[in-house]
């Protein structure tokens, strides 16, 4: 796959269709690829990577990249195409300046999950028939492929590319995912249990803003949390309240816009399941206002900027689940 | 007024009798009108009043053909036939017996009676 | 540094009896920025106002807090007072310590505490108040009336009377609308044409009125006082100016089998036509769907017989653009389609007609020259059944949930006219309710019953069955006598529900006005602003806002005209300064705000910015038109970056109030 | 967490839209309909002006309950503002519930300018509900707790 | 050397905790280790290191500095400083131990940061020699020997026993305080373990990372390098690297209105943030490139320039594993390296 992609990218660079390519660059280890922009065939040959660890969603980079001179080639996985579509809808990217090649999605792997098994000193990782063979300083270790996959790939919602100029490989389908199971499990807890769960989780937050800065829906020119004039700006949570505030407001601001790409939880250094907050909004929206998938298209109206006269009242919250 | 019975009829029919605007189109369209002591619109009205016993004791509940003309034509979507059916069910349940026993049937049969009508009649007259 | 004055009103004993006003003034005097804190018997009185004014002057106040009654009472009073001594009126805040404090609480201690907190909140807010200046925007002295029925005509005439130019856009080839099709009017039974046609002529001759017949509105831009509208003048293949309306072309046109819309399709017209004798403008129109010349280039007779040389087969749609200060919507109504009502056999039997078709059948200018004959065999009907509420008051998808309002009265009129003219005819009216709220309406209905012996039967018709002998069986239940009736009728007349014209929905989108679920335009306030739409500068006239009879339509038409004139007489309009504004440096251009704006006040433009990293970038940013924005604030919450804020109720002001209340 | 402290005086912030609910509150004043002094009203042009930030801010700074009042759906002075309010606030309240915040600390109520009695009754009921819950502990900022 | 059996760790912790507050690294959940106040039954984490560094003990993420109270129009200033309690941080790794030396150079030079000093004076750092370094470790590059950590006292684990050695007076006091539990032990197995670890340290993939191209005297060539654009291009501008970093020491000072007074607090800031060092005239680093460059220039050039060549990085590898897009100081050093 990597070779096909490099070959095609070189062709498009050569024929002048694009002047740059955004993809992933090899790292120091087997697992630390970095999103990168390539401008020459040599760079592509030397550094371009596409493997089990290229989980990063590059669509957000296109907010800036699509405004630069010349067209850029972007390799987008199915989930990334949803983010890109949503950005088109919000006029954040310039579609004409991006040439999109749809590439197959995951499941991608998460090195942290391998390390969590106690495997350390990793020198190389090979996928042999869905068993990971891991060369380490302390000998060779194995683990099942599926135990190392990214949280976001565990409940993949779609293998379909919702936007592309060309595809490498077959297009997939929208999947029946179990992505709301954990949300539902939480909903069925008592309020005290839910409170304890979230307090435990959110108290880990170090306000590094990785979730926000990686989020393709959080593309504000200036975030309210960075803007002293907003009245809620802060740089660190000085109190548990501020931990809650940041995550509630962030989830609310992306409600109806979040495509559920799962990047927030992937990058959280403290493994806070932040995607559950976004999914809660998605689940509520689906249940209360009809199925809606942000990024599935570029025209539909987000449920939060829409209404019907017969919408349910907030008392619906009182009527369901456990208090 | 029998409140429990009314509740039962409303629940089993799933009909909101308060939607009726008393236009009488149900009765105007009813093919069994002349056979019935109480007519579809009266069913709806009497159920609303809670006067279910009278309806249960009337033969009207068995005269409804369940043709659903009234349901089809009601401008308010009240579905009178479902009310009639619910009252009939209430009667059958309360009596704990059937309106018709199999013994009685042979005498009532007509040579030209279609098979389906007999089956339907059983549905209607018995539990 | 702020210099804030606090003024606590006793309101006689209204406040002072439950709130220790002196303590409130004392407590607030310690708030940051407060330089003077006073109490007074009646702050709204002239001497009270003078107290405020003097303090503003003496202490050079930068903000005023009046603790008194509801701002809905006296906010304006104190704003004016402040303005009179040179303090921006929007630097005045009211703490409502009467309606929301002294009047509802009994315990002096807690009520005083609460009054202090409300006062502190107002002080906290006024710290952040900014002087606001109401903007002004010029008003184009011209009105557009969309729809040329009686509503549109009346509105146009009234506006023209006031000396303003008005354009009427009518999609049909003549103005007149539904009223032109009607024979007589209730409850006076005077001839509709006799009262309508003079108005049509008046409209055509008024120097201030321009009629664009056979035209449609294709685009609306702008806002109150400053709309730019593109009108599409559809090709009628006849030069409007040259045509004299002599009718020679019509007479000679060989294509005679075109269903005549004006007579509801009950007879035929030619491919070139003038809808009716009194049409305005009296200009022929060629129907391209039937004209042989336009379809296959063979004929051209009309062109030959036209001495004025008005026929122009090559005519194209034309677009004209015009500026307007006000737009009045008068798109009217239509009877609903009855195709789905099988039980009334409307599609199967020509003798089952709608009331509007009956109007034409009875009209002297109608297909039968005014003699009521059955459409099927042109015989005189002896038994006529009227069915009320066909499609009205329906809870299903076939009909409309509302009462069409006019049917009870026109049916009484029809019944009466028939009984008057043909006393040998039996007339039955099946009704659910007879609704006659109107001047002389119930008397009229009673006359139909008592004087004309019309048989009113309570009960909706269940089934209409055409029979082989040409008669029609009407089956219905008489709910009062509790018997089922079968009436052997010659004709059945259905009072079809009325609905807004189909062009109204796309028009509403263009005008950014609201519609209800039935596609009737929504008025700005159901009681107090019934002829204005929620969008400033757009007014509603006639049945486009809800079912109406002629007098109501005319009344509303004149009311809408009055409102429009009220706008047009102004050289400029003062805008509410408490409007949203976008901070372009924060705006992402995501369009969330635009989507929730009920007024279409937000537009986007690409602007070049110097970015923090010293590069320049073209960014799409929102801007709010202060003349259109009404200040609801929906956009401020939709905006994730906080670029949108609302003057007078800014994020920081509201949060300051929250802080003051919660501490 | 049930605190049976009869002396507990909850702080209640009520956001009222200018056209209906604020007028409704005025009417309950005009009619001398009593409701607890705990309720403090903040006037907003429309219920759709209420940003979730304001609600959270109130809890942060010491509110024990927040209620939003607006025109009845369909009656909005700005035609559609309260419809947006309804969606936003439903979602927000659902999220607060998801985070384990007591449901009865928040409410959205439609109060027309004619419903002075409803306004007073609503405020009485809401204050009582919040009083039963006791002080806001799950969504408070400890720094703001009154000593 | 004095030692205690690993089986008696609980007893040891109980004994320490009896005298002062004890913090040990524990697994909060799988893969997330953090320092927690020891309570009975708590098990020490087997992870190589905690996600957040140990600097939190002396330089917490947020910290109240002073209170103000307003009475009418007067403002009262309230000094809220209190003498810190004595505490022990147990199990600190060599990298984090070195980070304290670096932080000391910032906070303990004149004017001394009294808040930091207060905690530093009362805290005893008990380090733990590494036995299983990870591929992300490169402390050796900065002259740190993972098998011989600094700290007030050092522990060595040979798998069966934990050995203790004091480096400072505080450390000696600490060992004395638990001496009743300790016994003299044979270090032969430990020496074996240490030797093995040293072997592995040599084989680490980043062991040969060179610092030759950096230092206080390499200012302009590094600052003007054309590599910064490419390197910073993928940086999303979050603060993960700075907040998990044991040596990042930037902070911001803010006021918070509690409604009944003002709390002036400081909190960590990140040079990766757009609002970092915003001043009246605006920001002085406006692009992500400048901000990105600032962080690495600080660690590799500015800090050594002011501190006798000592680098501002300890090679703990936290930023390598936690950066959302896997851009880190190692990649920067390799890219800028002059060969």
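Order of writing sets the chain letters: A, B, C, D and E. Residues in each chain are counted from 1.
Here, contacts are C-beta pairs under 8 Å (C-beta built on N, C-alpha and C of every residue); 3 or more make two chains touch, one makes a residue touch a chain.
Given the structure is predicted, the values throughout are model-derived calculations rather than measurements.
*Asks:* When I count C-beta pairs in contact, which pair ends up with more: A-C or B-C?
*Replies:* Greater number of contacting C-beta pairs: B-C.
*Asks:* Between subunit B and subunit D, tell me the centre distance in angstrom, where each centre is the average of that chain's C-alpha atoms.
*Replies:* 49
*Asks:* Roughly how far is subunit C from subunit D, centre to centre by C-alpha average, rounded to an integer in Å?
*Replies:* About 34 Å separates the centre of subunit C from that of subunit D.
*Asks:* Quick check: how many Å separate the C-alpha centres of subunit D and subunit E?
*Replies:* Subunit D and subunit E have C-alpha centres separated by 46 Å.
*Asks:* Could you check subunit B for residues that touch two or more other chains and list them?
*Replies:* Residues of subunit B never touch two or more of the other chains.
*Asks:* Going through subunit C residue by residue, note those that touch at least 2 other chains and give them in order.
*Replies:* Within subunit C, the residues that touch at least two other chains are 596, 638, 651, 655, 659, 662-663.
*Asks:* Can you pull out the residues of subunit D that are in contact with at least two other chains?
*Replies:* 52-53, 57, 61-62, 80, 84, 88, 141, 143-144
*Asks:* Report the complete set of touching chain pairs.
*Replies:* Every pair of chains in contact is listed here: A-C, A-D, A-E, B-C, C-D, C-E, D-E.
*Asks:* Subunit E touches which residues of subunit C in the complex?
*Replies:* So the residues of subunit C in touch with subunit E come to 30, 32, 612-614, 659, 662-663.
*Asks:* Per the contact definition, I'd like the list of subunit A residues that touch subunit D in the complex.
*Replies:* Going through subunit A, the ones touching subunit D are 183, 186-187, 191-199, 224, 230-232, 238-242, 244-245, 248-249, 251-252, 255, 277, 280-281, 284-285, 288-289, 303-309, 311-318, 321, 323.
*Asks:* Show me the residue ranges of subunit B that touch subunit C in the complex, using the header's touch definition.
*Replies:* Touch list, subunit B to subunit C: 19, 21-30, 33-34, 39, 41-42, 69, 73-77.
*Asks:* For a test of understanding, state which residues of subunit A touch subunit E in their complex under the given definition.
*Replies:* Residues 25, 27-29, 32-37, 56, 60-61, 111-113, 115-116, 118, 120-123, 136-138, 204, 206-210, 212-214, 222, 226, 228, 234-238, 263, 266-267, 269-271 of subunit A touch subunit E in their complex.
*Asks:* Report the residues of subunit E in contact with subunit C in the complex, numbered from low to high.
*Replies:* Against subunit C, subunit E makes touches at 70, 72-73, 257-260, 274, 283, 286-290.
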